[in-house]
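Below: one structure in structure tokens.
All chains are identified by letter, namely A, B and C, in their written order; residue positions are counted from 1 within each chain.
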Amino acid sequence: MATEQSRTAARLMVSPAVILLFLWMIVPLGMTIYFSFLRYNLLMPGMESWAGFDNYYYFLAQPAFTSALINTLLLVGGVLLITVVGGIALALLLDQPFKGQGVVRVMVIAPFFVMPTVSALVWKNMFMNPVNGIFAHIAKAIGVQPFDFLSHAPLASIILIVAWSWLPFATLILLTALQSLDREQMEAAEMDGANWINRFVYLVLPHLTRSITVVVLIQTIFLLSVFAEILVTTNGGPGTASTNLPYLVYAQSLLNFDVGGGSAGGIIAVILANIVAFFLMRMIGKNLET
Amino acid sequence: MGQISLSSVTKTFGDVTVIPPLDLQINDGEFVVFVGPSGCGKSTLLRLIAGLEDISSGQIMIDGKDATDAAPAERRLAMVFQSYALYPHMSVRKNIAFPLKMAKIPQAEQDKKVENAARILNLTNYLDRRPGQLSGGQRQRVAIGRAIVREPAAFLFDEPLSNLDASLRVTMRQEISELHQSLKTTMIYVTHDQVEAMTMADKIVVLNAGNIEQVGSPLELYHHPRNLFVAGFIGSPKMNFVTGAEAARHGCATLGVRPEHLEVTADGPWQGVIGLAEHLGSDTFLKVQVEGVGDLTVRVAGEQGLHHGQTIRLTPPADKLYRFDKGGLAIGGAA
Amino acid sequence: MARKTTPAKTAVVTIAAWTIGFLIFFPILWIIILSFKTEGDAIKSPLQVLTSGWTLHSYAEVQTRSNYALHFWNSVILSLGSTVLALVIAIPAAWAMAFVPGKRTKDLLMWMLSTKMMPAVGVLVPMYLLFRDFGLLDSRIGLVVVLTLINLPIVIWMLYTYFKEIPGEILEAARMDGAGLKSEILYVLTPMAVPGIASTLLLNIILAWNEAFWTLQLTTKNAAPLTQFIASYSSPEGLFYAKLSAASTMAIAPILILGWFSQKQLVRGLTFGAVK
């Protein structure tokens, strides 16, 4: 099928996408790199001057950076842990025959369609609010002091909210994968004397590896840049307790108008993402090829 | 018309040579079968003729015109694919009419040709179904119908029967042969099954690793295989090959005896023990361990009550021995 | 896992599945209930599921106070516009990579996906300044372009995996049948690819509808989609539960309904073709 003519046509058809993505990657990123070496504040236009690596130094040296870095990793790791483990458990459950499978599936899927600003606001006000939230009502009903989630455990609360949004995604992918598992293989294992733990460890998990990889990859892409949930719930606070890297960059550049510092932070975020991406790509490269 | 000639055609993928320089002449109206083990390059050769792959060097002539650089559609060839490659979203009628539609043939004429093809192939009642609702044999017929309506210079078949079950395969084999007799159009047919090759072909091309081992009519290949490869490939069960002292006694490096030519006799020179007897009713296949000769397969007509463990004597047919030299080439054809 | 099921086991599974499903769905159910209550009833303690006076008052209030219709319309334009644009660019590219693969195709795909790994904040500042200087801040057109670009890699990847599943022999058959590139795409490829394109379209609409980084950064009022509209309820209106619930319900209802109706296509789309 690969004749010279079709090759030329193919190149023409790929090029718009490649050119656009290339421009999208190179132009703004180039500008960010350039800005990151300038002393540049939006409040003082026309005062730009060369700063060398100062911006990087100040960005990295601020205590907020270390906590933002740790928060970013905790957020990604925490949500991945909850959604993958929860997703596998839920997928195993929903794979069993029971009445009303369709309805339950529709209910489980639903959070995926809820936009981040809505889910954050709903959790913040209707559930975690220390006075009127449902959790507070429950606490009062059983005679416990209501807990102010967003002030005392802001990051954990945000992890919970984000995990709620992504659990359906993980469940759905893992359930689909589970349904393609060869039943005869499972029966053969049963005949061979494997109990359900053995079957899970030696058959189900290996079968799910590929889809777990997909879940981890896709979610990591989105989780590294969680922003809206933080903006509407805690504004990164209290202090910097729930500030992740994207939020820190946003605060520095658009709240403090420090373009230079924000750009340096942006570049650091890109480098961090690339380190993560490097490992992820190697992982999916291996798992998706076969 | 459907005359195809290949001269010095080669095909390489990167550093790998799939087809070394190859010449082949296919005459108008001939039924030519490319046969060989999997990976021998027979499908690649067919795709080169179809124009689905570019040839690396050489020339392809169709009806005296240079078609080397012609697009597949310009070559006036029709192809039936192994997977049938029916368009799943179109009805049978639309599938068959598709090449006509592409050629911008008027609707009325399209309808007539489709109806006609459907009648020939017994598809009239299925014209409005989708391919997914048809059985394997019916799909096969739709694929052939799609090829027929174009009235091509030649039909190309790429292992068309390999996805059918055994009994259907026999039926379709006969249908394709009958189709060839009524259309008298050139057909090129690729298969790895030597039975299909023997039963259908006017001319068999035996391929091995991209090389043509031998070209000839089925019986020519059966009686006069040019070398060990062809001798081993054509005929079922496979020809027995004997080497060593016994072969040397006949003045060759390898001695070939077809199972159906060995006779069970009371005083044959070869004595052996039956290791396995397969009783088919019409025939009996015996695996015999012969001292000083080796394992031989013997085909005995009918049922003669032979069984495992029995000692028998065999007579090799003096006039039906095949002798091959050290390089595997036949010495003077059948002795 | 096994075919054998006892009634007791089925009962346990049924109860567990329904309970967990209900808990996961509960936040959405709760805001729908609250949205029909009066503000007073919404925060009444102890909690009540049913109230005396059901009312549509909050919905009317939301429309008059924050112009829901405008933001809804913006969301529609942004998600549809960016999706269609992305498909127009992605279909030829994915077609070419799936059916005329070269030595570098896999690398090219990986590179495309890797552009998605670049965190948005890395280019936040220049994008903001570019938008400011070109007068694109709070404009729909600028945001359509950005949303197209950020989802393009995923769209290409999904289409690629769908196209990959179309057997090459069918396209070759079309070529043998005399179909040129145009007819091949029009009569053979497109009809076979429609299911894949449809689920790509759906998933991308959902992703674009719910995108909440660039929509929050680059819009304020006129071009603001529903994500931004809801963010404006952050405080102090957030304390008016009935109104917040009504606004939230209106923001998620369109996509929730679309998502439920197209569940089957979505499941395949969601898995990015990597899981069958």
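The rule is simple: a residue touches a chain if its C-beta (ideal position, glycine included) is under 8 Å from a C-beta of that chain, and two chains touch if they have at least 3 such contacts.
Every value quoted in this text rests on a predicted model; they were computed, and no experiment measured them.
The greatest centre-to-centre gap from chain B, using C-alpha centroids, is found for A. Counting C-beta pairs in contact, the chain pair with the largest number is A-C.
Annotation: 57 Å between the Cα-based centres of chain A and chain B. Chain B and chain C have Cα centroids lying 54 Å from one another. As a whole-number value, the distance joining the C-alpha centres of chain A and chain C reads 15 Å. Within chain C, contacts with two or more other chains are made by residues 172, 175.
Contacts with at least two other chains are made by residues 52, 71 of chain B. The set of chain A residues touching two or more other chains comprises 1-2.
For chain B in complex with chain C, the touching residues are 50, 52, 71-73, 77-79, 81-83, 85-90, 98-99, 101-103, 146, 150. Per the touch definition, chain C reaches chain A in the complex via residues 1-3, 5, 10, 13-14, 16-18, 20-22, 24-25, 27-28, 30-31, 34, 43, 45-47, 89-90, 92-93, 95-97, 99-100, 102, 108, 110, 112-130, 149, 152-153, 156, 168, 171-172, 175, 181, 206, 209-210, 212-213, 216-217, 226-228, 230-231, 233-234, 238-239, 241, 244-245, 248, 251-252, 255-256, 258-260, 263, 267-268, 270-272, 274-276.
Residue ranges of chain C in contact with chain B, taken from their complex: 167, 169-170, 172-180, 183, 187-188, 191-192.
Across the complex, chain C is touched by residues 1-2, 6-7, 9-11, 13-14, 16-18, 20-21, 24-25, 27-29, 31-32, 35, 90, 92-101, 103-119, 121-127, 132, 134, 137, 140-141, 164, 167-169, 172-173, 176-177, 180, 183, 186-187, 190, 196, 199, 204, 210-211, 213-214, 218, 221, 224-225, 227-228, 231-232, 245-246, 249-250, 253-254, 259, 262-263, 265-267, 269-270, 273-274, 276-277, 280-281, 285, 288 of chain A.
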